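One chain, subunit A, appears in both complexes that follow, with subunit B as partner in the first and subunit C in the second.
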Partner chain A sequence: MNGPGLSFPVEFDPTLPRRHSSGNIFARFFLVSTWAGIAALALLMLTILNDSIGYVIITTEVDPASLAVNGVPYEEQTNQQLTDILANHLSARRLRVLEKETPFADLNQAELVLLVEQEVLDPEAAATFSMVQSLFDRSMVNAELAEHPGATMQMRFWLQPGLLSNSGSSNALLAGIRTALYGSLWIIAITILVAFPIGVGAAIFLEEYTVDNAFYRLLRANITNLAGVPSIIYGMLGLAIFVRGMQPITSGALFNAVSGDPAAATGRTILSAGFTLALLILPLIIINAQEAIRAVNPLLRQASLGLGATQWETIWHHVLPQAMPGILTGTILAISRAIGETAPLVVVGAATYITFDPTGPFSKFTTLPIAIYQWVSRPQPEFRSLAAASILVLMALLLSLNAFAIALRNRLQKKQ
Partner chain B sequence: MSTITNNASGGNLSPEALSLKHRPRPVEALIYGFLFFCGIVSIFTTLGIVYELGKESLLFFSTPGVTIWGFLTGTRWQPQAGNFGILPLLTSTLLTSGMAMLVAAPLGLAAAIYLSEYATPSLRKALKPTLEVLAGVPTVVYGYFALTFMTPLLRAIFGKDTVEIYNTASAGLVMGILILPLVSSMAEDALSAVPNALREAAYGLGATKLEVAVQVVLPAAVSGLAAAFLVAISRAIGETMIVAIAAGAGPRFTFNPFQAAETMSGHIVRISGGDLSYNSIDYNSLFAIGLFLFIVTAAINLVSQQVVRHLKRNTQ
Partner chain C sequence: MLSSNIMPYAQSNIFSKTGEQEEAAGASGFAIEARNLSIHYSAFRAVKNVDMAIPERKITAIIGPSGCGKSTVLRSFNRMNDLVPGAHAEGDVIFMGQNIYAPQVDPVEVRRRIGMVFQKPNPFPRSIYENVAWGARLNGFKVGLGRPSMDEWVENCLRKAALWDEVKDKLNQSGLSLSGGQQQRLCIARAIAIQPQIILMDEPASALDPIATLKVEELMQELARDYTIIVVTHNMQQAARVSDQTAFFTVDADRAGMLVEFGDTRQIFTNPKDSRTEGYISGKYG
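Up next is the complex of A and B:
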């Protein structure tokens, strides 16, 4: 086998082929593992899409075609005609109740249409199908349709305008996330107002004003530890301190901001939720802002101080502008964490079922993730589709926030 | 800057302006006061957590019939019957976290090795943020995923008789996906921190790429990897929404991952989500579970920080 001039025998290391082949096997295993995470992400998105679009078999109390007048469907009729439909189909008592909630004269055409749908048509999802079932199992869909005489079938993309404009409802076909979206926005606004100044202030304090001694080391270690505390513990803290301890403030009773009986006011309000989430994301904001401030060139500080600026002037005019891109990016990422948080808000006491929009910091609340949680927990498939469509809204919100953070950072960095 | 212009525009400088003595600056002092307050808010947060959890737990343990020993060793959690043993909640927490680590530890470590040792810099730059998107997905979405994807999948594989609709396996597996980017990201940082000289020396001795990665780089980064695993475990133990949605309601003392069993965090969420009157034993018992959860996660986090500090000292 060995040529005459060859000084190295080929079997110099007999284990070499085995070592190489095991190397190749593991290299493939490492590659596959890396892609497993990305495959999971893709599967997640596909599952959501699969549930958010598909055939729905709808039964109604009244045939919608019978409501048409002269060929004009009810959706396009005038206020007067719609009010007539309500008067013709509802009992006198139900009419009085509705009239007492909001007089029909005060409603616009779209609201009247919704009322007709809710009260007169009262549609019900007899069967809901996923996208895969709708596309590849038409025979099952048709068989189901045959079981419901008089029912209509429609291809429904659950992420439709009604989802955004309707409030919560026990009817999956008419339920929407408007109330939950407003709740989320109110809470996030309060969270930002509280957490951003305190977080940046704490970061400035830790980076610019402290010396290296035991107390400040403890302070720093404490913040790292807080970032690792499970979010549900923050929920319990919020329940004990904001909902119970500070009830006069968070319920608004102290400011006479409660409509109705002040004794009935509880601290389970938007304000408590905002405070709780602020405490939750504070460590994240501080840690990110600290990193951004630490990255500012120390020569800049020394130059400013050398020219006679005070410490705060140096920070305000030189350090903060330089650190701002990093601080803002970190804050936005922390906020997107807060938007998706569910558990602490359940503990703080999100309302399970409200249909009215929050009007201020002392309102009861529900948020988008909580609406999703409640819908996912229901066994009916139509609520699962509703949850999937709401997840699409939530993910779109988070993705655009993250994209905004990246764009902002690039823009501010270019300016400097 | 403003100080200079002020002095320059002053023209005739008074003796006070020329004095180098420290001048009182009330605004600076005020700002310092505000910043100091911001700095110690975090201390008050920690004190608040310890105080509130501790206070309510004390009330709980001072209730007749409740003992710390019974709490830690009891196998039944039935508040109506006065049974407060945390073990059923604890075992299901361990089941879901263990299941999560079973997914996240090997996959996360392998992904970290790939990213640090095999991938080209440009591929790494693209893959790492994509993986981190997984960590940014709200946990309620993972709960939905566990219930609508993982559970039917498990039931299709193992049979509907073995796998209940709510089960800890499905919650645990999906939780593994959630903490996978945490493991891979921290582990990759630890592997990348290993000095290149070690790799080059090993290559010079004729080691293959796999041998360099597994026999040289991994042992050198072992404390960083341990820290990554510890943080992931602590995150898994405290994780709430996935288990609240997919693992089932009702405490159950079982080691079968295909059965429904409520975890500590899942129990807190379910009970506090309902109507709960303050000063009841139910309310107090939640804080005792919370305190237990807090102590366990804080202990794990502290150990992982010690490990990281150890690592830093060794590499310097």
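Up next is the complex of A and C:
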């Protein structure tokens, strides 16, 4: 084939079928990887669900039926009757200890029922089964039940109200995540409050106020690098700066607000943890906010400046509102990361076992991922179920935070 | 078309400090004057040694081949070039008896007095009303006896920009919902809402269709009763149609833009003094 008007021959090889087929190979590959991802996710959810529902065989110190009075089960008895049960079944020493913690007269009926369960019944999970075992291997479950005379068996969804309302306990049946949940919420609140304004502020400064010289180029490159630093190193940093360096502040000593606990007095508090996680996600927020600010149409800036607006007015009225959806998206990602962090908090000094709710930024803390980590590392299967249910709570927390941020972002976008 | 009594507030003092300064501007008879102006982008000299005095309340067109520095010169008149990293100006630009490049001059103040309309319509992603009101509010628009309310002022500016009838029922809709030509007139309304003395327009109609272009041209002539207009255009017919004065720029051997000829539009187009001008307008190059 000779190209018209060309002085040399030109030939084209019509390879369209081959080009299509190589395109199809890629398309098929991407399809497979997408489905592999979906399958992995489904498997994960199934594993968690599998562990969080199933039969439990429960043995108790005392037969619950024996506590009934005139056919009224102990759960429905009056305060006086419950106090009597405690007095009849516990040693005098144990009674004194409990009475000293909180006088029985100050407890309401539900709290007394819980106390009876803990102290008198002291239920124990003799055997715990997964969902698959419960559904498809009844003979094994029944054989196990037969080995525990007097035991009761119940189908238990471990994500039950008690999981949220009880605090940590060495008894899996009575353990809950209340303190860990409060700890996580407190820490995330502090992390957002610290990291969002500082991160967005730094991004504004870097994008709008710095000139493009070697120093700031190096600075920007380093912020990107910081986003890749392993989180445990932020834990070391938090330990050095917040726990040790700023101890008077983070322990609350400066404000006369030390929580009374020896661990908290050393600065191993919610405040230190929040600051540490803020430090951890700061680079992520800065990078994403910079990206969002850079994406704002330069014509918009020119329009604003051309009307005699100052640089700050231009940023505040036009650049930030335009960039906010992008900034929020970056912040969502950063917070999701912070919520699941364990290692840096362990370094900063998360408590492994606390039963008292955090009362403020100067309390000692534990968090959901730490509680989960502790439970999965125990050998008994009932703690694995407890962990699985807690993972569901963590995921729900994460999803609701994200949903909130996405709703906020959509509202901002619609306003324009 | 438009009648100029639509703008009853044009002379009233609705912004702080406007009155005395308008007097100062009137003194020289020129709205703005470039004296030996050269502009560099880092090491590259984009425009060299421009001398031009722009008459008040007239339309001055700047024409010339692409890359000869028309936009550069225009942007230097309200210090929009300051936003380009590495850009700097040498020489003087005299406005209201002041060199706007003098160290004590605040570029924000300059831009508030010398408005700008850009090549691509760039309304704010806000309501039509807000597009007009924002700049006025920002610059201390004052309501009071004998002065318009903000609603009246917005209406006045939209009428002045020949847009009122098209948008009066949808002032709360986004400025971005308008057509390209309407957006550009909204940008003009926005510019006059802060009562500048000069309006700079950089190819304001190049992104518009012929009908919208015509509307903007009519609007420019209407606005020239109250404002000094400097317009960059690559469209020679447009320059011939709308302008009173025309400046022809070209590039010299080392690619620096320079002013070749500046004078009455009719003279430039019928009887150019410089052979390069003649060549350009007769379509020989550029």
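Annotations
The definition used in the following text is that the second predicted complex is superposed on the first by the 376 of 416 C-alpha atoms of A that agree within 3 Å, B and C clash if a C-alpha of one lies under 4 Å from a C-alpha of the other, contacts with A are read in each partner's own complex, and residues count from 1 in each chain.
Rule of thumb we're sticking to: a residue touches a chain if its C-beta (ideal position, glycine included) is under 8 Å from a C-beta of that chain, and two chains touch if they have at least 3 such contacts.
Keep in mind the model is a prediction, meaning the values are calculated, not measured.
Contacts of A:Asn297 after superposition on the shared chain: subunit C is touched, whereas subunit B is not.
In the superposition on chain A, A:Gly308 makes contact with both subunit B and subunit C.
In the superposed model, more residues of subunit A are touched by B than by the other of subunit B and subunit C. In the superposition on chain A, A:Ser33 makes contact with subunit B only, not with subunit C. In the superposition on chain A, A:Leu185 makes contact with neither subunit B nor subunit C. In the superposition on chain A, A:Leu254 makes contact with neither subunit B nor subunit C. Touch criterion met: A:Val211 reaches subunit C, while subunit B stays clear of it. When the two complexes are overlaid on their common chain A, residue A:Gln322 makes contact with subunit C while staying clear of subunit B. Taken together, the two structures place residues 304, 307-310, 313, 317 of subunit A in contact with subunit B in one case and with subunit C in the other.
Across the complex, subunit A meets subunit B through its residues 19-20, 22-23, 26-27, 29-34, 36-38, 40-41, 43-44, 47-48, 51, 197-202, 204-206, 209-210, 219, 221-226, 228-237, 239-241, 244, 279, 282-283, 286, 304, 307-313, 317, 333, 336-337, 339-343, 346-347, 349, 352, 369, 372-373, 376-377, 384, 387-388, 391, 394-395, 398, 402. Of all the residues in subunit A, the ones that touch subunit C in their complex are 211-212, 297, 299-310, 313, 317-318, 322, 416.
Residue ranges on subunit C touching subunit A, taken from their complex, read 78, 80, 83, 85, 108-109, 111-113, 115-116, 118, 120, 122-126, 134-135, 138-139, 174, 187, 190-191, 194.
Residue ranges of subunit B in contact with subunit A, taken from their complex: 1-4, 7, 25, 27-28, 31-32, 34-43, 45-46, 48-49, 52-53, 56, 106-108, 110-111, 113-115, 117-119, 127, 130-131, 133-134, 136-145, 147-149, 177, 180-181, 184, 208-211, 214, 231, 234-235, 237-241, 244-245, 265, 268-269, 272-273, 278, 286-287, 290, 293-294, 297-298, 301-302, 305.
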